[in-house]
Structure formats: C-alpha cells, structure tokens
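Going in written order, the chains are labelled A, B, C and D, and every chain counts its residues from 1.
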C-alpha cells in the first residue's frame, strides 16, 4: 500500500501544490489530473523519491520510502516523460539494459516478446536514433511487459501513441491491476482502464 | 528546544533577530580593532630582524586565520543545511563565502607585501601562500557554483556538498603543498612567527583576529538578511517590511 | 537460507554494476571519436610546450613530469562533461537513481568506464610523449606507474564536479574551477614521483601517497557523486 | 611608546609603503564590503516594494 501524506512542492520560488495526500491499495488506479505547470510530473517524481517533498511523507507498506529505498525501489517502475533510451543502442539493447538495471535479468527472447507485445518487434535491431517519437515511447513502455514490480508510475504514457498501441497499453494496465498491481498515471487522453478502484487526484494552480 | 530552533530558523523570525544582533557585533569589531591597532603600532616592539615591516603580520596572520576558519564554519553550516534540510543554514553558508574570499585575498596581498621587503620578491611559492591561493580557488568555485544554479534549493544543496568536499580536501591539499615545498626549497623563511615571539605581538594578532571575527559575524548577518530579502521577495512578510520600512 | 539471500543480493549487485559498465563501454565503442578527441588533446597540449620553450633536451626533461601530468589532468578534465550529461538529458540517469542498488555503487561502474575510455589510453600513450621530452627509461616507467595510480583519483574526484554541474549553464568552465584545485595533491605526488626518479631518488614515497589519494577518493568520491547526482536530478 | 615622532611613525622604519598599503587595503576592502551590503539590502527592499505595489 502506498500512502502520501500532506505533500507540498516548491519549484524555484513558486509553491506548486500543498496538502496533497492519498492512499492507494492493491488493484488501485490513481489518475493525477491538472493543467500544465500544476506539478503533476513533480508529484510523480516525488512519489519515486527523485524529488524531496518540501513537506509531508510518503509511505510504502507503512515505512517511509526515503528510509526504506531498498524495499521500495524493486517494487517500483517509473516511466517519466524522458524515454531513457540511448541513441547509439538498438531498441533491444536499450530495453534489455533498462530492465537489467531495474533488477530483471531478462533474456533476448523475453525482451523481443515485450517489444512485439507493443507492436515494434520489427524495430528491435534499429538504433534508437532512427526511431520516431512514438516508436521510442513504445520501446520505453515495453518495459511494462518485463517488470514484476507492483507499483507503476507513468507520466503521460499515452502521449505520442497511436490508437492501436493505446489500446494494447490500456489492456496491459488493466491486467496489472487485476493481478493486484497499482498504477499512478497522468494523462491528457480519455482512455478507459479497468481497475478494482479508480481514484482521481486533481492538482490546481 | 527543538521547536525553538525551528522558530528561529524561519527567515521571517530570523530577519529582525539578525538586525538586532548586527550593531552589537559591529561595535565589538570596532572596539577590538582600536585595541588591536593600538597594540600593533604603539606597544609591540620593533623586530630586531625584520624592522618595522613585520607589523604587516598584524593583518596578514589574522586574515589568514579567518580565511581558513570561515571555510570550516561555512562547511559546518553547509553540513547542517544538508543534514536537516534547513534553509537558514544553507543561507548562512552562502553568506559567509564572500567574506571568507575577501580575507583570503587580503592574506594573499598582505603576504606578498610582506614578502617583497623580506624575500625581495612579490611572490614566493611558500607553502602558506600557495595554500592560501588554493583556498581562494575553493571559495571562488563555491561562489561560482552557487551563482550559476538558478533554483535556490538546488544551489543551496549543491554548494553545501561542494563545501563539504572542499573541507575534506583542505588538509590533504595543505599537506601535499607542504611536502612539495620542502622538496623544492631547501629552507623556507618562516613567516613572521619568530620562535620566541614577544607576548605583545601575539596579543596584537589575537586582538586583530577577534576583531575580524566579530566583523565577519556582523557582515555575514548583513548578507544573510540581503539573501532573505532577495529570495523571499514575493512573500507577504518581505512586502510588508519593504512598504512599512519606507513609510 | 540466509547465505542464499546474501548470495542473491551479491549477484544482483554485480549484475547491475556490470550492466552499467558494459553499456558505457559499448557506447564508447560506438562513438570512438570521443576517445580519440581526449587522446588528441593530450598529445597536442604536451606538444605545445617544446614549441613554446625550445627544443633543448635538458630543459625539456626537467619540465616533463609537470607538463605531462598537467596535460593528462586537463585531458581527463575536458572529458568529464560527458560523464553524466548524456544520461541526464536522455533519462537513463533517472533509471540509475531508481535501480534497487545504491547509486554510489553504480556510479563506480560509470567512473571505471570513463577511466578505461579516457584515462587508460592517456596512461598508455604517456611514455611515447615522454620520449619526446628526453625522459630516461626509469623515469618513463615511473611516469606510467604514477599515471596508473593517479588517474583513477582524477576520474573519481572529477565525477563529483561533473555531477554537481549537471545541466548548469557554463558547466564546462565551472567544472574546471571546481575540480582543478582538488586535483593538486595528485599532481604534486604524481609529477614528484617522476622528478624523484629523474634525480636518482626513490619514487616510492610519492607513489604510496598517490595510491593513498586514489584509495581515499575511491571510498569517498562515489558517495559524494551519488549525493550530487540526487541534488542535480531533482 | 615605540616612536620618537609622528614622522618616524609614518615612516615605519623605511617600510611605510608596505605597512600602510597592507593596513589601508584591508580597511578599504572591509569598509567597501559593508557599504556594498548596505546598498544591496536597500535595493532588495526597493524591489520588493515595487512588487508589493503591483
């Protein structure tokens, strides 16, 4: 279970949000909504422990995440607005390295299967440099077919995806929640995702 | 105790408190300077080897002491700021750096002014002067890093980390420079500090060092007030202060 | 039971570390021109001195230890900006921060890769340049030893500067200002070792101190670098 | 007292330039720092006053 209490975020000399809190339990889906510049991405980064909250605490299984990173990070998959791809490496290499860094020792076959699940197996051996924005995004998202972590934090996963890929991803997210996973997501698109319980958190300027 | 610390560590409460403290430290600095100058010029005897030129040590040595002392204090504030995420500590570290750099520069210039009549050269690669020079680089690096990062929180924390790295390195650098110096120069002239230095000379240096110390505190408090005003520009308390103060 | 758990943990640590190392080496291999730039810089800087000073062998061999060490130090420094900058802009740095293993541990793999790509070639090339400076054979050997022991410290300390200036405007110059003063002990002991052997003295003490510098930076620098990266990524 | 006369005092045993330059420069730097800080704080206050009026 992930609990956020009384979070506040300051960027530069601007207070982006304060008193943000929620509880997310197994099978739960949390939409983070808000205009641009209200701190959605900052909130997600905070939940990953990349950004220190100005105020407030985040708990994973009732322990503060910053003191318990060793147990928290293996349970977390974060895909931010940066794809985390190296231009000089092929899609396959990129995905495999990302997965291994996250602690999943995947084989070439598994990696290829993940790429084909999101429909870009044919790009597997192309360097990331030549891929389009949408293809790069899909390579990054293919991680969701390799990870075993329980909590997924996704920043605009549907941006730059076509209709087919969006549907595939939405199905995958539904599966994840059906298996007791949790997802925190920001999105501009209206995509239906199945979850046992769905919450919405709206950030206001 | 805990609550107290956090109360005074908020800029809004610390600003007036610092304002009240400044005149006291400034007055102490002035009094100590007068006493120090009196001892340095009127009481301390002429050095039989160096003549009157040795009187430069009454600014040089205290300035050199302060330059090192301020760096350590700065690193201390930086560590507090990093450890407890206390904004005020980081601001104090930032406020101390320029004063430390000024004392380092003064130690360098007065050292070279002392060296010219004694060694016959404006600059000698003696261990102490060389270390001061490197200390100046460390101060400049700290200030350059802080001023080139726009986000104040990141600037505070990056600067603090650099100060800590620097303070770990200072003894190593000092030792290595000393080692280098003894290898390359058979004998070094020991700056000012004769083996049996007259008590009055020591007293003069101590008084001047204390005066510089009080001055540094006063100036650091002044600067921390400026930093608070600039950072909290858009907060209500600064706005109220600026309009109320002018009326 | 407990040992198996520890074993699994050790394996995970090694595998993540090797992943980072292999990735960085692979990237360097695909961009060989980067290695060449560092080496070329080293060669050109050390070739400028004889042109400025004159070809007299006695003078050249007396300045050689200092010049070669300073050139190696500058070559290492200009390559620092590449250490984390690309990872920062493409998002792979975030992946490293979120890896289950401690960041300081993974950072050592990155620094090792950087040293293998930018430090080691300079170490291997240095004796050739030393020949141009009329260094005797023993001194050449000591030069290689001293660079071998000292350049890891340069990469380790440099990593702190690179991490602190990540994404900061004017970071290339800034990193020089931050890092060069911290390089001074390595420079003194490294160049001192070569000079000592030139004067027929033992370089042992210098080399030991240099090794001590490298060991100390090996312990402290990754921790400081990791802390700096966390600050810079925020 | 160390000095026979005021002129002996100012002469500093022939080292007048070195001694007085050292002390003078120190005084100058420290006074300049105080004045610069005073100006900085006035400027900061003036700017936030302008901000407050908006």
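The rule we apply is simple: a contact is a pair of C-beta atoms (placed from the backbone, for glycine too) under 8 Å apart; a residue touches a chain by one contact, two chains touch by 3 or more.
Note that the structure is a prediction, hence the values are computed from the model and not measured.
Student: Of the pairs B-D and A-C, which shows more C-beta pairs in contact?
Tutor: Contact tally favours B-D.
Student: With centres defined by CA atoms only, which chain is the most remote from subunit B?
Tutor: Checked the centroid distances; the maximum from subunit B is A.
Student: Find me the chain with the mean Cα position closest to the mean of all the protein Cα atoms on display.
Tutor: Per-chain C-alpha centroids compared to the overall one single out C.
Student: Using the average of all C-alpha atoms in each chain as its centre, how far is it in Å between subunit B and subunit D?
Tutor: 16
Student: Could you tell me the distance, in whole angstrom, between the mean C-alpha positions of subunit A and subunit C?
Tutor: Whole-Å distance between the two chain centres: 35.
Student: Report the inter-chain centroid distance for subunit B and subunit C in whole angstrom, where each centroid is the mean of the CA atoms.
Tutor: 32
Student: Between subunit A and subunit B, what's the gap in Å when you average each chain's C-alpha atoms?
Tutor: So the centre of subunit A lies 48 Å away from the centre of subunit B.
Student: Multi-chain contacts only, two chains or more: what residues does subunit A have there?
Tutor: 52
Student: Can you list the residues of subunit B that touch 2 or more other chains?
Tutor: Residue numbers touching two or more other chains: 151, 153, 233-234.
Student: Where in subunit D do residues touch two or more other chains at once?
Tutor: There are none in subunit D.
Student: If two chains touch, include that pair; go through all of them.
Tutor: Every pair of chains in contact is listed here: A-B, A-C, B-C, B-D.
Student: Give the list of subunit C residues in touch with subunit A in this complex.
Tutor: Subunit C residues touching subunit A: 12, 15-16, 19-20, 23, 26-27, 30-31, 86, 89-92, 94-101, 106, 233-234.
Student: Considering only the defined contacts, which subunit A positions touch subunit B in the complex?
Tutor: Subunit A reaches subunit B through residues 10-13, 52.
Student: Mind pulling up the subunit C residues that touch subunit B in the complex?
Tutor: Going by the criterion above, the answer is residues 160, 164-165, 168-171, 174, 177-178, 180-182, 184-185, 188-189, 192, 209, 213, 216, 220, 224, 227-228, 231-232, 234.
Student: Going by the contact rule at the top, pick out the subunit A residues touching subunit C in the complex.
Tutor: So the residues of subunit A in touch with subunit C come to 45, 48-52, 70, 73-74, 76, 78, 80, 82-89, 93, 97-98, 100-103, 105.
Student: Along subunit B, where are the residues that touch subunit D in the complex?
Tutor: By the definition above, subunit B touches subunit D via 41-46, 51-53, 55-56, 59-60, 63, 98-99, 102, 105-106, 109-110, 113-114, 116-117, 215, 219, 222-223, 225-226, 229-230, 233-234, 238-243, 245-246.
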